Structures are given as C-alpha cells and as structure tokens.
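Below is one structure, written out as structure tokens; the observations come after it.
Chain naming follows the written order as A, B, C and D, and within any one chain the residues start at number 1.
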Amino acid sequence: VAADDEENASVGFASDLGRTIAFSDGVFAIAITLLVLSIDVPDGFARKELGEFVRDEWPQFFAYFLSFAVIGRFWVSHHAQFAMLRVIDPRLVVINLVYLAFVCLIPYPTNLLGGFNESSVSVALYALVVGVASLLALVMIRYTRRHDLLVPVAAARAAASERALIVPPIVFLGSIPFAFVIPSQTPFIWLLLAVDGRFRRS
Amino acid sequence: VAADDEENASVGFASDLGRTIAFSDGVFAIAITLLVLSIDVPDGFARKELGEFVRDEWPQFFAYFLSFAVIGRFWVSHHAQFAMLRVIDPRLVVINLVYLAFVCLIPYPTNLLGGFNESSVSVALYALVVGVASLLALVMIRYTRRHDLLVPVAAARAAASERALIVPPIVFLGSIPFAFVIPSQTPFIWLLLAVDGRFRRS
Amino acid sequence: VAADDEENASVGFASDLGRTIAFSDGVFAIAITLLVLSIDVPDGFARKELGEFVRDEWPQFFAYFLSFAVIGRFWVSHHAQFAMLRVIDPRLVVINLVYLAFVCLIPYPTNLLGGFNESSVSVALYALVVGVASLLALVMIRYTRRHDLLVPVAAARAAASERALIVPPIVFLGSIPFAFVIPSQTPFIWLLLAVDGRFRRS
Amino acid sequence: VAADDEENASVGFASDLGRTIAFSDGVFAIAITLLVLSIDVPDGFARKELGEFVRDEWPQFFAYFLSFAVIGRFWVSHHAQFAMLRVIDPRLVVINLVYLAFVCLIPYPTNLLGGFNESSVSVALYALVVGVASLLALVMIRYTRRHDLLVPVAAARAAASERALIVPPIVFLGSIPFAFVIPSQTPFIWLLLAVDGRFRRS
C-alpha cells in the first residue's frame, strides 16, 4: 500500500514544478501588465497643455515605472530561484501562492502612490506590500535550501542568493517609519537598492 | 472510412490535454490577478489617517485574500486532477469550460463582498458562485473516473480526491441560508474548510 | 544566396506555429476572463433585496455566460483548426491577428448588451463583432486548405470543419436586421446554433 | 571555483531564453487584450441611434484597431528576433523588460487617443510611447548582433532586420512636432509604415 501511495503521489507531482513555474510566470506577466490601469485619465484633460499634463501626471508615470521595475525584478529573481529547483513539494506550492498574493496586490498601492504621492498611508502601504513580498522570496529560498529541493550543483549559488535577498525586505520594511515623517522622500530610500551591486548581481 | 475518421480524430486530440491544461492555467492566473481590481481607492483618501484607512478598507483586503486562497486552492486541485488524466474527451472540455466560467466569475462577488460585507446578497452570491464551482470540480473528477480517462496507477488517489471534494460544495452551498440571517458571520463558516485536514491533504 | 535565405527563413519560422498557438491561447484566456469586468456593481446595491438584485442584474449575467460560451466555442474551434496545421505562413499570422482583434473586442459589446439589453445598437454591435470573428474563422480554414498548410491526414476533417463553420457567420450577421425590429428577442436567434448538431460536433 | 561558478551559472540560465520568450509572449497577449478596456460606454447610450453612436465612437474603435495592429506588429517582430537567439544574457533580460514597460504602457495613450483625438497631448504621447518602444526594439537587435547572441545562420537576416527596424522610431518620434500643429492628421503619418514594403517584410 505504501509503495502504491508513493507511486500515486509521483503521478500527481511529476509535472508540478513546470506547472507552478508556468502559473507563476503568468501571474507575474498579468500583474505587470495591469499596472497601466493604475494611470488615470486626468479630469479636464481635453483643455490641458503639455506642461500642465506632465506636471499633474508625473507621479503616476513614476509609480508605473517603479512598480514595473519592482515586479520585473521579482520575476527575474523568482526565475533564478526556481531554475535551481530539483523538485517542488506541496508546502512550497503554498508559500509560493502567498508570495504571489502580495505580488498581485502591488497594482493597488501603485494606484494610491501615483494618485496621492504625498500621503503617508500610500507610501507606507507600498513599502509594506513590497516588503512582505520580498520577505516571502527570502523565506522561499531558505525553505528550498533546508528541505533539499535544489539541484546539487546550485548549492553555492543558492547560498549567495539567500544572502542577497536579505537586503530588500530590510530596505522596504525599514522605510515604513520614514513614510510617516517624510512621505515624499521615502521612495528615494527604495532606489538605494538599485545601486547595491551585490543585490543587483544576485 | 471508420479507420480514417479514427485517425483524423487523433490528429486533433493529440495535444488537447496539454492545450486544455495550459488554457485553464492561464484562466486561473488571470482570474487570481484580476482580484486586485476589486479593491477600490476610497473616497477622500487624501485626508485619511492610517487608522481610518484600515478601519474602512479591511473588508476589501479580507475579500481579496479570501478569494486569492479560494482560486489558489481551485488551481492546486485542478492541477492534481488533470495530472492524473491519461486523455481528455470533448465533453470534459465542455464541463471544464463551465467550471472555468464560475471560477472567472469570482472577482465579481469578491467585489461585492469587499464593498458590502454586511449585505445578505453579497454573501449569498459569493457562497453560490464558489459553491457551484466546487460542485463542478466534483462533477469533473466523477466524470473522469466513470469514463476511464485516468492513468491506471491514479485510481486510488482519484477515489480519495472525489471523497475530499464532496466537502466544499456542502460547506458553501449549505451556508447560503445563513447569509440571510447572519451575513457578517457567514464567511467564518467557510473558514472551517481550512481546518478540515482531509480536504487540506487532497 | 537563395539557399541561404531559405535557411534563414526556416530559422525564424521553426517555432512559429507553437508560438502562435501559445499567443492565441493566451489571448483567448484573457479575453474570456475579462468578461467579468463587464458586470457592474449596481447603484444602491447596499439597500437591495435579493429579488430586486436578480431582476436588475440578470441581463448582465446572461451576457456574461453567453459571451463565455461564445469565446469558449471560438477557442475549441481554433484549437481544432490549429491542431491540423503542418506549418504556418506569415499571412496566416496576420489573418489570425485580425481574427483575434475581433475576439478581444467581444467584452465591449458584452458590456453594452448586459447594461442595455433592449437597445438595438447593443444587440446589432454584438451580432456584428461575433459575426465578423466567426467569418474570419471561416476565412482561416479556407486559407489553410488552399495553401496546403495542413497535415495530409486532416484533409477530410478540415473539409467538414469548413462546411460547419459557414453556419455561425450566417446566423450572427443575418440577425443584425432583427436587432432593429425585435432587439430583446434577437439573442434567442443566436441560441439556435446551440441546437445545430452538425455545428456542435465540428 | 571558476569552473563551479560557470556550472552554477549554466544551471540558472539553461531555460532563461525559453522563460523570457514565454513571459514576453504573455505580456504581449495581455497588453493587446487590455486594449478593449480603453473603449468607454458612452454617456446616454440608451437613447442613442446607430448613426449617432458610430459618429461619437469611431475614434475609440480607430484607436483600438490601431493599437492592436501596433502591438501585434511588435509581437511578430519580437518573435522573429528572439527566434534567432542562441542564448540570452542578463543585460538583454533587462533591456527586454524596459522594452516591455513601454509596450505595456500603450493602452494608456490608446485610451487618451480614443477619447481626445484632437488633443495634441494625446497624439504626442501616443507617438512618444510607440516611438520609444520601437527604438528599444532596434537597440535589442543591435545588442544581440554585437554580443554574439545569435545563431550563426541568422546573421544576414538579423542585419536586414536591423536595417528595417530603423524606420518605425523615425516615423513615430519624427511625428511628434506635427502633433502640436495638425493633431488630427498626425495618425495618417503613422499609417505610412503600413505601405513601406521593406518594413512589412522584415
């Protein structure tokens, strides 16, 4: 019976890794494409001059490109992590879904940040959602290392990834208090990540 | 002529299983990602404090995460079911489309539930849509078992899946009367599923 | 040089069929999932009773399920057509894109039909968009038959498909005049297709 | 250690090309399908006659089909470019993401163009976004040629592609000044591309 169970389980989980990767890729692709819906057509657009339009709308374009970079970076990182997997287990499927729930939520704080870039709540919520998503990315790499789900040759690389993935949650979650003091300047703290070479190379 | 027909049919249905899985995965990925659009930017957001924002918006975040969990669970379950298939027939393609029509509808009651969490109609509609979708998942596993579409080694596992999949439609459809008496409390009935170990392991 | 060109061309078009199918599947999956956005939350929802809600909203649910069936049917049919292809040429890529432009447009008349089911313009536009899409499906099967793009064993089946695919454009485009006389009843003309066995089996 | 690093790197990048193509295809498919959301239901629709509806709405349908053709053309071109790749490097992944950020933005100026087709800002923004995206397509083909990422037999074809891809950024970016003088006529300048045979064949 045990052997049978083993066999049955292997039937179901043979293609799990591939299907989870495909599903995650789909979710990333959709979340990144939905960002455009967060840019509103301004009231009274028909009478606006170019200068006025740019002055009113730049926070929305800034939020769009920022979130595109954030989700794009998450995708590249997820991609690298899952390429090192030998196999996936049901618990990792769940952690990955929770992680994706936060990635998919990003268009909402993007919308708030683009429309209300001087509001503490917008900035703090953005930092919280991206911070939790990056924390879950760290949790996933730890989990795969501890539960021996990686291909053997990837060990050194996974250790380096884990070290690099500690930085983003610290930056985003650590920026939350600043959102309540200097909301307009807080996004510049996040941009520090772009100059962190170790993170960039991960 | 019959042999010819047989051959022609096999041309068309060789890649059917793969394409149906890919299409279904795409639909799940899109439906789950569209959930974020159900969270509205509140009126007068610019003047809101954090406490006020959280107090006003928590039903929307609750509805978002609930539906993310529901669609995620449907995906994992669909995934396991279709991994056991040996072949697909045209009728299963149709049942699967009807099932997907209800899965894709979930963002609508999610929107109502997030915005009007004390309305009986919101809660009842949510329970109805999710209940019908889970009923159709049960119909699919029954159909594949009766029409010999499964790989032989999966027989025991499919029987266990079918038993486990009886629970969700009972919980959701059975909660509809409660929606008209205790609408705000009805979602807690649904959360019982999360503690049902047999269902969780399926 | 000619041999070189030949070779270069084959480099680019080796994976074209697969990528076109994947792209088309993605477009079908997204278009079908976007339909849910056409269902509006009614004004004054919070104060509505179930009966009132159903009475006001049923045309929206009808339009949703109708379009889900229409796009689902288009997908099954596209699926069967492309499974018979041996190779794809650049012109078929273009025809397929024009066809997809009409499939992707379906959520718009669905929205109009759900909100204004007694308007002649809604009904006529719906019939026009679906009619043109089904006409283009017919054009595609003709094109693949005439330009020898099919696998040889599929010849009889493709001929049968072409005959069956003549029916939907006639029904939809032919119903347009009725939209200006009996708009509310015109959708029932479309449902005739569901009872046409030859079409159903195609 | 160097050999180890080499090996580790190859683990992560073995499936990179395939996953990048799949991700890009997903983004194209979603962006093209979201275009339909840019067509608004007109105010007072219920009382409109067909003639009035067509007169009010044709700019929206024009913008929809124009952008469908633009994104479709980008997809065919991206498709041909990536089919010539032997391998992908991390920098190309980044350039491709920046390119996709502009492709995904297209629904926004489409919305403006459809709603305000006589506004200079709409027309200029449309030309800018499409122009930058086509410039980035040119940058990508240059990059792949200079960094030896192509399959050897594709050399002549890639050179021809690069020459053809110079035209669209010139047309779109060059049309921006016209947007401020003759906004309503500027889209006709873009249509010149459709008659440029060399570009069409690329």
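As a convention for this text, a contact is a pair of C-beta atoms (placed from the backbone, for glycine too) under 8 Å apart; a residue touches a chain by one contact, two chains touch by 3 or more.
On a predicted model such as this, the values are computed, not experimentally measured, just so you know.
Undergrad: If I superpose the C-alpha trace of chain C onto chain D, what rotation angle comes out, expressed in steps of 5 degrees from 0 to 180?
TA: My answer is 90 degrees for the C-alpha fit.
Undergrad: When the centre of a chain is set as the mean of its C-alpha atoms, what distance in Å lies between chain A and chain B?
TA: Chain centroid spacing, chain A to chain B, equals 24 Å.
Undergrad: In whole angstrom, how far does the Cα centroid of chain B sit from the Cα centroid of chain D?
TA: 35
Undergrad: Where in chain A do residues touch two or more of the other chains?
TA: 22, 26, 30, 34, 37
Undergrad: Quick one: do these chains touch in a line, a ring, a star, all-to-all (complete), or other?
TA: Graph shape here is a ring: one loop, exactly two partners per chain.
Undergrad: Any idea which chain A residues touch chain B in the complex?
TA: Answer in residue numbers: 4-5, 7-9, 11-16, 19, 22-23, 26-27, 30-31, 34, 37, 90, 93, 97, 100-101, 104-108, 111-112, 115-116, 119-122, 124, 180.
Undergrad: Along chain D, where are the residues that touch chain C in the complex?
TA: Touching chain C from chain D are residues 21-22, 25-26, 28-30, 32-37, 39, 41, 45-46, 48-50, 53, 64-65, 68-69, 72, 75-76, 79-80, 83-84, 151, 153-154, 156-157.
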